[in-house]
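Attaching a single structure in structure tokens format; questions to follow.
Per-chain residue numbering starts at 1, and chain names A, B, C, D and E are given in the order in which the chains are listed.
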Amino acid sequence: MPEHRTTPRVKEILSWYQSDNPGTLANLHRLLMTGTLAGTGKLVILPVDQGFEHGPARSFAKNPAGYDPDYHFELAIEAGCNAYAAPLGFIEAGAAKYAGQIPTILKLNNSDSLSKLGGAPISAITGSVKEAVRLGCAAIGYTIYPASDARNAQYEALAELTAEAKAHGLVVVVWSYPRGTGVSKDGETAVDIAAYAAQIAAQLGAHIIKVKPPKALVEHPEAKKVYEEQKIPYGTLPERVRHVVQSAFNGKRIVIFSGGEAKGTDAVLEEIRGIKEGGAFGSILGRNAFQRPKAEALKLLADVMKIYAT
Amino acid sequence: MPEHRTTPRVKEILSWYQSDNPGTLANLHRLLMTGTLAGTGKLVILPVDQGFEHGPARSFAKNPAGYDPDYHFELAIEAGCNAYAAPLGFIEAGAAKYAGQIPTILKLNNSDSLSKLGGAPISAITGSVKEAVRLGCAAIGYTIYPASDARNAQYEALAELTAEAKAHGLVVVVWSYPRGTGVSKDGETAVDIAAYAAQIAAQLGAHIIKVKPPKALVEHPEAKKVYEEQKIPYGTLPERVRHVVQSAFNGKRIVIFSGGEAKGTDAVLEEIRGIKEGGAFGSILGRNAFQRPKAEALKLLADVMKIYAT
Amino acid sequence: MPEHRTTPRVKEILSWYQSDNPGTLANLHRLLMTGTLAGTGKLVILPVDQGFEHGPARSFAKNPAGYDPDYHFELAIEAGCNAYAAPLGFIEAGAAKYAGQIPTILKLNNSDSLSKLGGAPISAITGSVKEAVRLGCAAIGYTIYPASDARNAQYEALAELTAEAKAHGLVVVVWSYPRGTGVSKDGETAVDIAAYAAQIAAQLGAHIIKVKPPKALVEHPEAKKVYEEQKIPYGTLPERVRHVVQSAFNGKRIVIFSGGEAKGTDAVLEEIRGIKEGGAFGSILGRNAFQRPKAEALKLLADVMKIYAT
Amino acid sequence: MPEHRTTPRVKEILSWYQSDNPGTLANLHRLLMTGTLAGTGKLVILPVDQGFEHGPARSFAKNPAGYDPDYHFELAIEAGCNAYAAPLGFIEAGAAKYAGQIPTILKLNNSDSLSKLGGAPISAITGSVKEAVRLGCAAIGYTIYPASDARNAQYEALAELTAEAKAHGLVVVVWSYPRGTGVSKDGETAVDIAAYAAQIAAQLGAHIIKVKPPKALVEHPEAKKVYEEQKIPYGTLPERVRHVVQSAFNGKRIVIFSGGEAKGTDAVLEEIRGIKEGGAFGSILGRNAFQRPKAEALKLLADVMKIYAT
Amino acid sequence: MPEHRTTPRVKEILSWYQSDNPGTLANLHRLLMTGTLAGTGKLVILPVDQGFEHGPARSFAKNPAGYDPDYHFELAIEAGCNAYAAPLGFIEAGAAKYAGQIPTILKLNNSDSLSKLGGAPISAITGSVKEAVRLGCAAIGYTIYPASDARNAQYEALAELTAEAKAHGLVVVVWSYPRGTGVSKDGETAVDIAAYAAQIAAQLGAHIIKVKPPKALVEHPEAKKVYEEQKIPYGTLPERVRHVVQSAFNGKRIVIFSGGEAKGTDAVLEEIRGIKEGGAFGSILGRNAFQRPKAEALKLLADVMKIYAT
């Protein structure tokens, strides 16, 4: 049952963002007061950018209903998600039809699997704050690749979009995915790297930060020394999640975790339990939701929300 | 006989674009309610950018009437095309003289065969939304080369032009032609690549997407796995076209197919039949039309339209 | 004797540009109704950018009067030229003193012989439409190097300047000089390349196109095939000029030819006769004019105009 | 006890900045009239950008209170610092809550330890003058790396931000840290390099310049000749500091020194004594302050201020 | 004794700039009617950018009064110079204090000796026309390096700044110093190169051009041919200066010469005599002035002015 009165927890969360203007606070409030988890301070978000990132067949052939942009709006609404995130095309296709029924997050940059780019990882900017405003979105989304040689271009674009979004009363959601010459492939989800990724997104002004679940690995030698000296625990997933959340302004920024690659229901739920136990603010589940038949997806999302609600 | 009343099919198509403003819907309506195919939801468009792309002699010497910009306006009008697309110079040469007689599409970027560029494929931006508005165009056209290392510059330019075009009530037509280090020469028209190209254009906000007829080939290994697992049929041209159209938001974006290289009349018509059978929204025929003597070209275009009208 | 009444030929030429606004048409009219050739539809223009391009001594030591910017204004006026073209400094030096006495063309980009640039040929932008308007110019001039790897930057800058110039009622003159990795040194003036250069300038929106007199050579193999199949004649200079003029929208764009390197009077006049016979709209004569003593230059220009007037 | 009346020394310092507008002078006055050292013309500033620069665990695990953005505001206020400097995220997290309680300096560019960048050292621009104004900051901060191959981009960005900041009544603080192919690793803090770094920041329009304490080393051979000929003393820290302060417009620009790497209390205080003796305007102490337990940090900062106050 | 009535010579000089607006003419008038040489049409300017270009010790240790920005204002005023030129920091430090006492020239770009840049020579833009206006300057100054591979960026920046400066009533002073892959080290001051440098600056719209005294050397083979054919004399310094002045629009642009490296008094004066004899408009003396004790500097400048006044 969605809550209609602003809960003390939501008020507490909003208090961390009091430098923001009322428009942004209202949209943050919308995100926190929508869906099954309304009022709990937890969020489950449906993101669908895989069509762009991996191509249509790899994304939607398993559950062909997903070729249709309406499907994802309806899935997110029926499942009681807090928000639906997608690139311009998918959002625009349903923005008028489903106007007001669910908060939307316009993903402002995207990558595909066709180009090699021949350089440092960097996504293309495919949307704008102005378009997000026109389409009635509650938030913008932007992916940075810390550890990329093209870091500066990404941080600078994000800084500009963030300032513009805040001036327009929007919420800023940052996907912070270390990638590039500064980390090993394995180290991309090392616990020190994930914590650092959360810190960078927070310092860049993100309201909501999305990272990948961290592994029991410390990548950087200088960091390793500190983790050992200070005995920072990172053996279990809850410990690692707790460290990442602490790294985002001592838990005063909303940090949510991705579900990662498509996998079995039990594996998904077990991971979510660990993430929840570590103090995460929620999950963002894409392929694990929309590639299942709708009934299964609704069941899975309900189970995930149950974990967060307790 | 052109239809004058908006048909249910046209209304249905317009309903997929309801996030657009009335100006853009009106221009989309103009494109769908013009010419022989008015009201059918199908389009046949005459594009003439070959003078820029391949040089004047290679484009027009075969039918020298085509050196003259007036010729193409008149050909498109007499043939009952839905629209005429060309670069700035050709459009401007007839924009006042033929004002209102046929919807025009200003091709905003172009390439020539003189430069090697010494880098990733990317066309030059040679027009603007402001010029399109000044010249009374119904739409802008823009070519992207997914799979090019210069992908980001192209997607970002298109994203900006698209937002500006929509704000000015114009329709956005995207030529989506994979090319560059991310695909093999042969794979440029592979079915997975063509479907991906359609998806990218749709996600970037295109109203109308132009791709090349796809071949019975799957380029990417990760895609191949999915095509086999999910048994996606692609043996025949109609099957491949159906898959590409589905990949453009489950058929909720207008996808049209190019005629490709100049060839014999029978070959053209047979290909069109396959494309039509696959559920395509129409064809865009350049060299196959304007390099024939006018009478032959009118006959060919009439035959093509007959296929789509039935 | 200059014509004062707009002649039918001038009206015909203006009719090809009817998408332009009255300000631009008026300036085009000024160019066509000034000087000895007023009303004939032919133009002889004096360009003096050699000081920038080759240095002062190489340009002016032979006839030292040319060091002085006033000299060129006076030469163009006395000779009855249609216009005088130069970079910012030279135009500005006389713009107030000779205001209204001769239409001027502000050359907006320039190159020098000092820098090697270490890359693809591209001139520096040294002026602006705003400066052209301030200085009372009738037109802007811009040089593109099709076949340069830096083609895109040049076409895009020209597209923007062209739109801005047209919005300000100015005429756009494009020097289209293929150069770079896309053509051999010899092929820069091949007939297919010159025709292609004229086509590109026309498609980019030029009102007046300047090319070099073409040689009896076809550079590109794909073009060669067409020239042979279609039996396009290019053995004589008039044939080649006719082909280039046709390539500029079937003669509906003004194409003029440069005089090339300084040479003897007879050689100049013979070339002009060939150019005229091919249907060219005129000539642009720099070094062959200002490097001669004034009396000789006036005589030569008068002889050239006589050829075009008949 | 903070001074409330503007002291003669503060008036003298302000007189060096009389080309600035009253808004900027008022903010400079705020910086000089805040905290324990108010009115002395000396400053002790707390900077906390290490979370961004070195990652959260390496910065805050030693004293975990520092994960929380509130902690640093409170530390700076309780310690009686003149100002608190941090990146956007940290400033924004407390800007409303601690509004008016301490002058803040928005650090406009930042670097992290994740990216290798694959090129010349240059930080990312992560904030703006507009954001500084919105957040009620007294100043902007910007880091330049003289000796970097990317020098021009940094000087040009700083020049633009400086002009904009001055137009908005803000103070400009420049971190001038030579780094890159133009200096050896050891030479980064050579006395000639530090003096040159201060001069560059002053010429670029900085109001307050932060450099590192210089070493008894002259890096450049051309400089070495002059230091020997003119017998410039640089054997002791006070001599070197005096030379650096002189190099900033003969002491007419505020020059402060960083505390450098975390070290023992005695070592910190001894260095500060030398810096003070050389005529420095103050210190900027980060890790040496916030990585200690709060009581210890307050004691250390009080001891440092005592040195400057006498 | 400064002249107060505009002299015929000053009126003549102003007549060459009549395309400029009254604001610019008034500032040019200020430059020509200030100081000892007021009314003579000659200028002696004090430039102090060496602190930025070579570092503080190398610039000011010899005469430590020069560390202080006030010193240079006072030196220029007492010496009766026509103007004082410096980067932003130095100008801003005295702009209010010495407001109106001497025309100032804001040097808009600067280089330092710390960075290697790893590419073509190009200075950083460190000021703006807006800042020049705010600081009450009479002119902007800008350095170009013709022969640099980065020529285009420099010419284009200068073209924009020049147009903006003229629109704001400022005078444009261009330092034209050939440097880079297009000339040999020795050829940087060859007579053909210096003349070409003056021509380029003039064509780019400079009001005042600063070049280095040319050597008896012709660098470019194509130029050498012309110098020999036309028997251009360049054996003596006056001959070379005359040729350079002629190359700047036949002497209709103000050309002044730098003093070059610090040297003995006799050497300086002898060079000035040669420069004056060649028809130069004056000198710009930096190190040779401010590195001497003040009394000596005043004596030297007075002697230089005496040469120009006769």
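Everything that follows uses one rule, which is that a residue touches a chain if its C-beta (ideal position, glycine included) is under 8 Å from a C-beta of that chain, and two chains touch if they have at least 3 such contacts.
This structure is a prediction, so every number in the text was calculated from the model and none was measured.
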item	value
Set of chains whose contacts include both subunit C and subunit A	B
Where subunit C and subunit D are represented by their mean Cα positions, the distance between them in whole Å	58
Subunit B and subunit C: spacing of chain centres that average the CA atoms, whole Å	36
Subunit D: positions in contact with at least two other chains	none
Cyclic chain order when read starting with subunit D and heading to subunit E	D, E, C, B, A
Residues of subunit D touching subunit E in the complex	16, 18-19, 120, 146-149, 151-152, 155-156, 159-160, 163, 178, 180-183, 192-193, 195-196, 198-200, 202-206, 220, 222-223, 226-227, 230, 232, 243, 246-247, 249-250, 252-253
Residues on subunit C engaged by subunit E in the complex (per definition of touch)	51-52, 54-58, 61-62, 64, 67-69, 87-90, 92-97, 110, 112-119, 122-128, 130-131, 135
